[in-house]
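Shared between the two complexes below is chain A, which has chain B as its partner in the first and chain C in the second.
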Partner chain A sequence: MVTYIIRRLLQGIVVLFGISFVSFGAMFLAGDPTNLMINETWTQDQIDDFRHRMGFDRPWPVQYVDFLSNAVRGDFGTSIRTTDPAFSLVIERMPATLQLTFASLLFSTLGAIPLGIISAVKRNTLPDYLSMSFAILGQAVPLFWLGILMIQLFGLQLRWLPISGRGTIKHLIMPAIALGTFSLAANARLIRSSLLEALGQAYVVTARSKGLAERVVVIRHALRNALIPVVVIVGLQLGTLLGGAIITETIFAWPGVGRLTVNSIYNRDFPVVQASVTLLASIFVVTNIGVDIICAYLDPRIRLAVD
Partner chain B sequence: MTEREDAQDSILHAIQPRRGRALLVRSLLKSKLALIGMVIIVLAAATALTAPLLAPADPSRVAVAERLRPPMWQEGGTSDNILGTDSLGRDILSRMMYGARVSLLVGCVSVFLAGLIGVSLGLVAGYLGGWPDTVLMRIADIQMAFPFILLAITLMAVLGSSLGNIIITLAITGWVSYARMVRGQVLSLREKEFVDAARCVGVPRLRIMWRHILPNTISPIIVLASFGVSAAIVAEAGLSFLGLGVPLSVPSWGAMLSQAREVQSKAWWPAVFPGLAITATVFGINVVGDWLRDVLDPHLRKD
Partner chain C sequence: MKKQLGRVTVSLLLLAMVLALLPGCGTPATPAPEPTVAPTEPPAPEDTPVPEATPAPEATAAPEPTPAPEATPVPTEEPVEQEPLVIVIGVDPITLNGLQSRARTTGNIIWHVNERLVARGSDMKMALLLAESIEQPDDLTWVFNLHEGVMFSNGEEFTSADVKFTLEQTVDPKWNSPYAGAIADLTIDMDNIETPDDYTVILHTEEAAPLMLEQLDFIGMYSEKYFSEASDAEISQQPVGTGPYVVTEWVKDDHITLELRDDYWGTMPEIETIVVRPIPDAQTRLAELLAGNAGIVLNISPDDTERVDATEGVHMATVNGGREIFIGIRTNIEPFTDVRVRQALNYATNVEAILDNLLGVGERMATGSNYPVPSPVEAYTYDPQKAADLLDEVGVVDSDGDGVREWNGVPLSVEIASPNGRYVKDAEIAQAVAGDLTAIGIPTEAKAYEWSVLADMAMGENTLPALHLFGFGTGFSGQLEHWFMTKDFPMNTTSWDDPEFETVYAELKSTIDTDTRTGMIHELDQIAHDGAPWIFIWKQVDFYGVSDGVEFTPRADEIIPYAELHWAE
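Up next is the complex of A and B:
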């Protein structure tokens, strides 16, 4: 187990280096990054001065080493627009994004478990068809449209929920549902098929023939094993959710990192974009390492295969 | 092709399993959901192809006097604008028909490119092993560390919005899953007897990969690609929604939704119909993808 954890952490460090390189390198895809940030009205002198001030006139390996050594100390330069440190701009908004992401993770997981169980246990009956139709539909609805529809119905027509901003729990409901529905649908289908497979195993037959109640067989015996692949997927979904949060935050004017990133892109404020891209990707990597370790703990086959 | 190569191939093909096409058609007719999906896909493709002929109006014609006309069945609607007009008086139905071209073009071309890159790299990495394999898998790991939309947004921000750039962006962000999947398949296939047989009769490496390994990975590639198309359509719409996709002058479903938000309190129709188009198309592709997975890949079928 320790070997496995160390190995996974080392891999994680390699990936973090890669992330820093991509965040850094993305700016150079279109040539001189100065061109991405300048205003059309600037004179050549102003442009040259800006290029020198940002350090873009140095060779790129030097710039990368500089970027990396500053980044590990939490310094991503200052925002071009507000002159605040880019890192603290991102960190300030991180709690809002994490709150939204975890709320939708909770919504999608807790919603998917009953749906998945019902349709597996009542296979090929009306409840199964209903929940799977809901799941197939949920995977097809783009979150930004779902958000717009909810704003229309619950915000503008019925006036039940606020349509923008953050504050009360009421503000969180629509964004979390919009963001979590796709994952809920995907999880429900996964739980269904995973549980169906588990229900066909010999240990379930054993449990049944011992005379255990069906509820105990399903929840204690089958579901426990059926949830292992779900844990893996939920970890991966965090990436989808963090990405989706960018769009959700824009729709609901949620004051998080996603909205900051999009606004910084509109303002061509690339230090802030770099800082948020790096941080969001790092959060994703770290959580995935955590998920892998949890899975290895839950399922001895995983850690034994690696050791 | 020399006579000897021909003979090699015909011997080896006789040993490889082949699937029947008639079986596919019969199974499609049996699955109602997949049939509905297929009809939606055909409709969407037909609309995209014939948009210039069938669209009732010029999708870019601005008519401020006709702005925010409701759909024809509502009070104030006219049969000139069946689904109403947007905030600039442009015909929503026509814009949606032209939008289908963007969505399907971006979906198909970007998945084709992503598949081409991913499958070739996965094939080579899996067959050769060693350092090419290690390098490729580390690159894949790093790319997987980025939430897909985040990477796409960053790339679009740097490259600038255009139809070509969005296709490139989605190809770059999409190749990894094909590479990983093909690599995994190749790792097990290269130990199979028919590959050994090909090696023994002296078939060159590239030819083994192309003629003997690749055909055996085709089914999962098709399945992955079908879900890839729907994911790319949603991604394009999402990026266009954020203003980072196709230029504003091009009618696209995502951009229509983003413009509709500004007038949402006054009119519901500009925000509803384009979203319905995205959802229906994605639904159609997904259910066909599900069906393809069940038919082509019995191992993956869980129930």
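Up next is the complex of A and C:
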């Protein structure tokens, strides 16, 4: 198990290196990054001075090493537009993004379990068809469209929930549902298939033959094993939800990292873009490693295979 | 089995605990403000009109600006707390340090905190603000006499030293100020800014600077003491100025709260609290307006104007803005080197149809100038036959009858590059123009680019296609707008270099007399129209959704004058 954890951590470090390289290199995709950052009214002297101050006149390997050594210390430089530390700008918005991400994760996980159970237990009946229809619909509806529909219905017509912004729990409901619906649908389908597989196992037959009630068989025997892949998938969905939060934050004016990233791209503020991309990607990598370790912990077959 | 169940349960429980705790962490955000309501106290007396300020007509005479109004006391009645006025904008300001941002979003907030020496009035004419009077003993000397007793919100008195300090900060590379170029263009001798006393500032310029007041309109005044004591982060988030409002809270990407100062030196505005909320999505902005949660909402889509007007309690307010939307023509690429081809493109473009059917409002431009004295130049009219005749004359002809014109025997086709969403219906305008040009035998494809990509194509080595949609603005001097067309403009995307235009423009830059300037500006209008480096589209109309509870008249310069807002009767 220890060997497995060390191996995954080392792999994670390699991936983080890759992220840093991509994050750094993205700035140069369109050529000289100076051209992306300057104002249209600047003279050539001003442009040259800016290029020198930003260090863009140095060889790119030198710039990358410089970037990397600063990045590991949380120093991504200062925002080109504000002179504020880029990393601080990202960090101060991170709680809002994490709050939205985890709220949607909670919604998708807790919503998917009953849907998946009903669908599996009542296989090929009306409840199953309804549950799976809802699941397919949830995966088919674009996030931005769902968000706008919810705003129109619950915010504008019924006036039940605030339309946008962050503040109370009420502000969190619509963004979390909009962001979590896709995951909910996916999880429900996963639980259904996983539970159906478990219900066909010998130990379930044994449990039934012991005369246990069907509810006990399903909840205490089949579901326990069916949830193992769900734990894995839920962990991995964290990254998807972090990415999806960019759209949700835009629609619901949620003050998170996603909006900061998008605005920074529009404003050509690359230090902030680099800081946010690196941080979000790092969270995803760390989560992946954590999920793998949990997975190995839960399923002996994985750690035994590694050992 | 039990052991495994325990592990699963523990994992899910841990997850649930994290989820439960998270809503409580992070910066406590203030709930979104309540809907804008009608006033609960009588409106303040109407502002005294600020007299017009124009550059000195004669070299030795004092300029026309007349004193700004004296402070008007607020009626002393029993105070009743007002609801805040919510203004919804598209994007959060990047910074509240006005030295670092040219964006109107920033200006719309900080200029109510950091007042300027002079400021454009609602009539788009320059007026005095912190400057009580301006004298110009000669073409190269500007004397600004400041109001006495004006206090910054940190308790410091505003003096001439602060003016000198502000101008020096504007050109300080530390701030990377977008206004550094503008100040440099005024040729102010930065080593010789005189402050003979606390209330007098004397600027010397190397050349006559008729745009002095126009450029100073962008420069808020900053406290030297505050800048010396505060960190850069404080400067960018907690501005200190002489204006009627102070920023009391800024939750980034959520809201900015401005409160009225009770010790403001000038005429007290009526609105006590203003909450500015950035909402990037147009449909969400619209929903906040229709739900009655906002007093003023910027950038309503033209498609939604009917819906707004049909909703009780809100209405649309539009204004012809100062931003010129055009399709630049690269005049160094054949056959667009020939002026007749460029004119043909203008005649072939049915701008009226675009304005009527696509945009719903607006008027056709003759040129890019916003000069207040109307230009006698007439806009191109839609005349595809004339366009065809001009193209035939040049030799851009359809010789084989396949409906496609050839140039030097090669079928001609072009691309229009445009941003997508930066300007009102920019990509759609490009598509409409592409259709018009295709109809006269020049197959045209409209391609929308992400803005940074398009900007990169324009910067440095110009790699834009022959036709490209841009929008420049917002100047109202007649000079700034024509600067965009000069050969030396840093973002000259068309490579247009008309000797006559350059000569007149050079003379205009150093001409003070208003009448002479007007003649020159109109002459430049005519040259630009005839030279046709652009397909002239329109002056972008700005669309505002407004609550019936608020009196607001939009301005062409995209400024929302908080001090001129009132609660409706």
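In the analysis below, the second predicted complex is superposed on the first by the 307 of 307 C-alpha atoms of A that agree within 3 Å, B and C clash if a C-alpha of one lies under 4 Å from a C-alpha of the other, contacts with A are read in each partner's own complex, and residues count from 1 in each chain.
Please note the rule applied: contacts are C-beta pairs under 8 Å (C-beta built on N, C-alpha and C of every residue); 3 or more make two chains touch, one makes a residue touch a chain.
It should be emphasised that the depicted structure is a prediction, and the values quoted were computed from it without experimental measurement.
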**Asked** A:R215 contacts which: chain B (first), chain C (second), both, neither?
**Response** neither
**Message:** For A:T250 in the superposed arrangement: first (chain B), second (chain C), both or neither?
**Reply:** both
**Request:** Check the contacts made with chain A and report whether chain B or chain C touches more of its residues.
**Result:** C
**Asked** Looking at the overlay, does A:R259 come into contact with chain B only (first), chain C only (second), both, or neither?
**Response** second
**Request:** Have a look at where A:R73 lands relative to chain B and chain C in the superposition and call it first, second, both or neither.
**Result:** neither
**Request:** Based on the superposed arrangement, let me know which partner A:L156 touches: chain B (first), chain C (second), both, or neither?
**Result:** both
**Item:** Partner chain(s) touched by A:I148 [first = chain B, second = chain C, both, neither]
**Value:** both
**Asked** In the superposed arrangement, which partner chain does A:G239 touch: chain B (first), chain C (second), both, or neither?
**Response** first
**Request:** List the residues of chain A that touch chain B in one complex and chain C in the other.
**Result:** 30, 36, 148, 151-152, 156, 250-251, 262, 265-266
**Item:** Residues on chain A engaged by chain C in the complex (per definition of touch)
**Value:** 30-32, 35-36, 38-43, 46, 49-50, 53, 79-85, 88-89, 92-96, 98-99, 102-103, 105-106, 109, 148, 151-152, 155-156, 159, 162-169, 171-172, 203, 220-221, 224-225, 227-228, 231, 234, 250-256, 259-260, 262-263, 265-269, 294, 297-298
**Request:** Would you pull the chain B residues touching chain A in the complex into a rising list?
**Result:** 33, 138-139, 141-151, 153-155, 157-160, 230, 234, 237-238, 241-244, 254, 257, 260-261, 264-265, 268, 271-272, 275, 278-280, 282-283, 286-287, 290, 302-303
**Complete:** Contacts from chain A onto chain B in the complex sit at residues 11, 14-15, 18-19, 21-23, 26-27, 29-30, 36, 123, 136-137, 139-145, 148-149, 151-152, 156, 192-194, 196-197, 239-240, 242-244, 246-247, 250-251, 261-262, 265-266, 273, 277, 280-281, 284-285, 288
**Complete:** The residues of chain C that touch chain A in their complex are 1, 4-5, 7-8, 11-12, 15-16, 18-19, 22-23, 25-27, 29-32, 91-92, 94-95, 97, 100-102, 173-176, 178, 180-182, 184, 232-233, 236, 251-255, 277-281, 283-284, 287-288, 290-291, 293, 451-453, 455-456, 458-460, 490-491
